[in-house]
Amino acid sequence: MERVKTGITELDGMLCGGLLPNTANLLEGAPGTGKTTLGMQFIYNGITLYNEPGLILTFEEFPQQYYRDAASFGWDFRDLERDEKLKIIMTSPEVSQLDLEEVGGLIETTAKEIGARRVLVDSLSHFARLTDDPVKLRSIQYSFINALKREGLTSVLTKENDAILGEVYGEDSATFLADSYILLRYVEIESTIQKALLVLKFRGSDHAKDIRQFRITSQGIEVQARFEGQEGILSGSPRRSMSDSFVDAFVRR
Amino acid sequence: MERVKTGITELDGMLCGGLLPNTANLLEGAPGTGKTTLGMQFIYNGITLYNEPGLILTFEEFPQQYYRDAASFGWDFRDLERDEKLKIIMTSPEVSQLDLEEVGGLIETTAKEIGARRVLVDSLSHFARLTDDPVKLRSIQYSFINALKREGLTSVLTKENDAILGEVYGEDSATFLADSYILLRYVEIESTIQKALLVLKFRGSDHAKDIRQFRITSQGIEVQARFEGQEGILSGSPRRSMSDSFVDAFVRR
Amino acid sequence: MERVKTGITELDGMLCGGLLPNTANLLEGAPGTGKTTLGMQFIYNGITLYNEPGLILTFEEFPQQYYRDAASFGWDFRDLERDEKLKIIMTSPEVSQLDLEEVGGLIETTAKEIGARRVLVDSLSHFARLTDDPVKLRSIQYSFINALKREGLTSVLTKENDAILGEVYGEDSATFLADSYILLRYVEIESTIQKALLVLKFRGSDHAKDIRQFRITSQGIEVQARFEGQEGILSGSPRRSMSDSFVDAFVRR
Amino acid sequence: MERVKTGITELDGMLCGGLLPNTANLLEGAPGTGKTTLGMQFIYNGITLYNEPGLILTFEEFPQQYYRDAASFGWDFRDLERDEKLKIIMTSPEVSQLDLEEVGGLIETTAKEIGARRVLVDSLSHFARLTDDPVKLRSIQYSFINALKREGLTSVLTKENDAILGEVYGEDSATFLADSYILLRYVEIESTIQKALLVLKFRGSDHAKDIRQFRITSQGIEVQARFEGQEGILSGSPRRSMSDSFVDAFVRR
Amino acid sequence: MERVKTGITELDGMLCGGLLPNTANLLEGAPGTGKTTLGMQFIYNGITLYNEPGLILTFEEFPQQYYRDAASFGWDFRDLERDEKLKIIMTSPEVSQLDLEEVGGLIETTAKEIGARRVLVDSLSHFARLTDDPVKLRSIQYSFINALKREGLTSVLTKENDAILGEVYGEDSATFLADSYILLRYVEIESTIQKALLVLKFRGSDHAKDIRQFRITSQGIEVQARFEGQEGILSGSPRRSMSDSFVDAFVRR
Amino acid sequence: MERVKTGITELDGMLCGGLLPNTANLLEGAPGTGKTTLGMQFIYNGITLYNEPGLILTFEEFPQQYYRDAASFGWDFRDLERDEKLKIIMTSPEVSQLDLEEVGGLIETTAKEIGARRVLVDSLSHFARLTDDPVKLRSIQYSFINALKREGLTSVLTKENDAILGEVYGEDSATFLADSYILLRYVEIESTIQKALLVLKFRGSDHAKDIRQFRITSQGIEVQARFEGQEGILSGSPRRSMSDSFVDAFVRR
């Protein structure tokens, strides 16, 4: 099956080749885990490696912030915009929702102009401001997600999670609506805060089940080997497994 | 006693032959655990293995989504619909409830037309939108479940659970109303997210009590052996049992 | 002292002979733990072993459901009803409460007609629908319980508990009102969900303090030996005790 | 200092001789832990061992229930009432509060008539029905407690705690108002539910700090030795301490 | 720097000499941990050891209660009041707040009359009754604390904490406002409830960081050595550390 | 890249040289962890080591409190104010927000007058008083942060956290808005409360991932080595790792 590659080799491997075209992919994490970085990398690699133009819908940060953040990884977003490969649209959930409902709205028009195939929505969490009613919110998010699909876009939707460590809750129904669900987590191991990436759900495809370590380098997200000899990684505060502890103390010494 | 086989051999084994006819069977799980897949497999196997036509009531996803999802397992739902063995009805809890209360409503008529014996309700959780009052909700769900039974249908009702890991709560009274209650859970073992299936309740029949590992393959749900040497599996974050840890470290090495 | 035997030998042993006459006995458990089965067995054994006719008050399920459920254990409830040893009354908390307050109400009349000595109330949890005020609820439940005592009935009152596993809370004041309090719990041991039974409170009598394993067989509830070598059984997710783990690993091997 | 002995030898020992005269003593526990039994024993021993007549204020149970419960321990409360050594007053928080505010109210009059020195209030928790405002509740409870002191009574006030096991919270401000605070808890040890008693607070006197096991025998409460080799007793679900586990497994065998 | 000594030698040692003059010092603990005792000792020692007269503001207990409580430690508060070294003012948060805002209010006048240098406020928690709004409460507490400072008083403010054991939360913003923050906690060790004292915050000075055991003797608070070989003391339910457990079991025996 | 050094050598090392210019840096901690001290040190070092004048915006404490607190570390803030290198502005969230929106407001004017490059906002938590609506609060905080950036200021924003120990939640959306996020935590190790510092997020730069111990000396914050041999540091209540425990008990002895 055709795949929409993220261009992050190890992540594409975990996804058995990449995301599926025309799907909505949720990317959840605590502040600083690298959601926006991974999302920008998805867009940047799409343009530069696979010739798939992309949109960024931002509901809070100014485009300048994306220029700066991207620049710190050596990605020239201004240049890509000048080349009409990328458009950063600063909007609001209200406006973007209405816009997508009408024919020839700004998002549709822009997507068509640059031939966009990918979109980063940063972040889906801002939709919560539209209503206090979880049922209505779910319905709005569902419409929004489907509208992006109708435009032929493969979307990465970031989702904020307050919990630095601790229990993992899906928290809102977006996790049920999305076609895939990738979780970024902090993990404390040996007095260090490491980062974990996990593909929890991937509709229509197999995927890796292991919890991988990753880091943010000067080139962006780099997914590494899976954790070893730890129990309870997703709690954020794992225990070294008992048998490994014995081996550490008595055998490897 | 006559059984309504799921066609998933190991699961039918856990159920001492299969579900009971004319019962309501709750299937609960977090996003991505495979609730809808298992439900579609129940319907697909019913039609193709046991010649029992089936309905799918969907309260959110379009039929197209089911066609696509089923196709990824090699199940041709369009074809089954054309053969009048399957009908996917996109409706709402409100409408379906009213519909079932009148003689000759759409669901009843459709069920009769194709001679449906099975129904997948995806998902029962959407009934929560009908009322904030848990007492009223319970009464509505009870009526709905009984209406399906009156139509001679054996139902699988999916139920969404927000908790990725952590404490297991029944959360709503559907667990008391249903004739059986099957739980799908994520379990972190050796830095990998595995999936567990458990039959917690089965009115009128014995059933397996062990917690089984399962995976979603290209042919659908495949139930495997039970977990071994782990404590606290249902917490989602089990500990390797101490005696097994000793054996791992000192004996098996 | 005279005892009202449940007829479940091991349970009567735990109760030092059986329940006390004219008392209200709370039976709490999660969905599928066997509350209704134990309650039906109390009624069935009363009639067939001790010649004590019985009532079943049901606030949700139809009598047919009890016929079916009982039949799966080989208990012919229709037959007992025909013999005027059993009456299943489908009612509501509202109606039953008013009914019991007047002289010659339905419940009183029926109880007298068949000479009922026992009653199963399935479930007391439905009283929660009468009021949101816990103080008023307590007062209503207290009146209801006392009315049953006035009729000379020994009652078993089932109580629903949402928690599949985890912390044990009494949750409502019925636990303070009842003369005895029996708890049914799920317990995960060696990758299997087992069932535990515990007598927590028994006013006016000594009782066993150990936590017993039980199972539901084709003859109904069968209470077995107590658990061994486990800590934290009531959490539902016990640990094998450390000293037993050592013995398992190093001594018994 | 003069002491108001409970007559339960080991408990008086923990209290360095007994309660202090003219104080309010809170006795908290989950359903079935023996609050009322201990309270009745305090009254019974007061009358029969120390010639101190006593009152029982009940806000829910009928006097008959106390007669019955007391009789099961061999205490003849009817007889004591006939001898004018005991009075059981069934009242309500509302009425008793007003009654104590006026000169010559029922409680005052009754206390004077029999020369009462002790009172059991069963239970203080019923005051919660008077107001939803914790500040007002505290003020009402404070007035009530002080009114009892003005009558020259040493009071035992039972307090209901919903939690069967788990975290210990004082939950309401009565714990700050009372002169002493005794806690009864369930503790699961070796697959058995045992009972623990603890003096947490004792204004104006030293007291034992250890957590004692106790049981309810046919003669009432019997306080036993303290627990040994367990960590986390107050959680209700203790762990056998590690060093004792080693000794159990390797040394004592 | 000049210090306001508590006169409890070990505590003054922990505070590097004592409290700082003109500061507000929060003293938090569960019921029975000894907050009021420590506060009275601060006042008593101030008068008798350092010739610094003191006030006690009480929002609930009558002065008689303080006379009695103090007497049980051999402190004659009535005598100190007669000598005009101590004044116990029974008031309310409302009144005391207004009083401190006007020139020549009762508190100011009394403080001046006896030349008060110290004040015990028992307890700051009663301010919660003034408003439900945490922002307003913080502002009121801040004004109150500053008013005491303007009077040249060094204050000890007791703060009630509901949790007998378990998680430690600051709970209200007083912990941010106060110049120092001392925490009293129950700790279960070896089946005994011990008491722990900890200086968590001390603005403008160094302080001991260790968690000390303390007890209440017939002379008042006595701070002892720090705990040894325990992990998780502040949880109230510590574990004996593993290496100490090994040593206990295999080495020291 | 140019860096805004904190002047705390080890912290600048963790930040790969220092903060980034024109950014908003969140500094979160429980009461007494040293947030304000670190913030004042950032301002003081800016002026005295790098010749970058600074502002302090205070929403609660009077300037006098900062003079006193700074003096205890040997920093003469009055003198710096006289030299027009520092300005402490006592204001409110309401006023400062309006002020920053107009041209030539007080903050802007003051910043320009002294050529301010740095600002300490103490604390951002006070913005919570402006609205109960988290969406509006986020928008207000975002505007405020951006206004400070427009003035060319690098800000340190303190954020109060109620939890003394226990789960780490970001709690409000400021953690998503800020360019960096530094967490100060209490950690109980060997019966002592130690302090931990962690850089959790740093937009546009690499940073150290380890959890460092720090203390507050007479010269201010001093960041030390990272913790060793502990698991679960961020829970506040770590366990000594098992293999280190073995080594402690059996090898190092």
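Every chain is named by a letter (A, B, C, D, E and F) in the order it is written, and numbering of its residues begins at 1.
In this text, a residue touches a chain if its C-beta (ideal position, glycine included) is under 8 Å from a C-beta of that chain, and two chains touch if they have at least 3 such contacts.
Note that the structure is a prediction, hence the values are computed from the model and not measured.
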| message | In terms of touching chains, how many steps apart are chain A and chain D, taking the shortest path? | response | 3
| query | Hey, how far apart are chain B and chain C in touch steps, shortest way? | reply | 1
| task | Taking each chain's centre as the mean of its C-alpha atoms, give the chain farthest from chain C. | result | F
| note | Fit chain B to chain F (C-alpha, same chain sequence): the rotation, rounded to steps of 5 degrees, is 120
| note | So, in whole Å, the Cα centroid of chain D is separated from that of chain E by 29
| query | CA centre of chain C versus CA centre of chain F: separation in Å? | reply | 58
| said: Multi-chain contacts only, two chains or more: what residues does chain B have there? | reply: 239, 242, 244, 246, 250
| Chain adjacency by touch: line, ring, star, complete or other shape? | ring
| request: Quick one: what's the order of chains around the ring if we set off from chain B and go to chain C first? | output: B, C, D, E, F, A
| query | Mind pulling up the chain A residues that touch chain F in the complex? | reply | 30-32, 60, 68-69, 72, 128-129, 160, 162-166, 186, 188, 191-194, 216-218, 236-240, 242, 244-246, 248-250, 253
| How about chain F: which of its residues touch chain A in the complex? | 135, 142, 167-171, 173, 175-178, 181, 183, 198, 200-206, 209-211, 226-228, 230-235, 239, 241-244, 246-247, 250-251
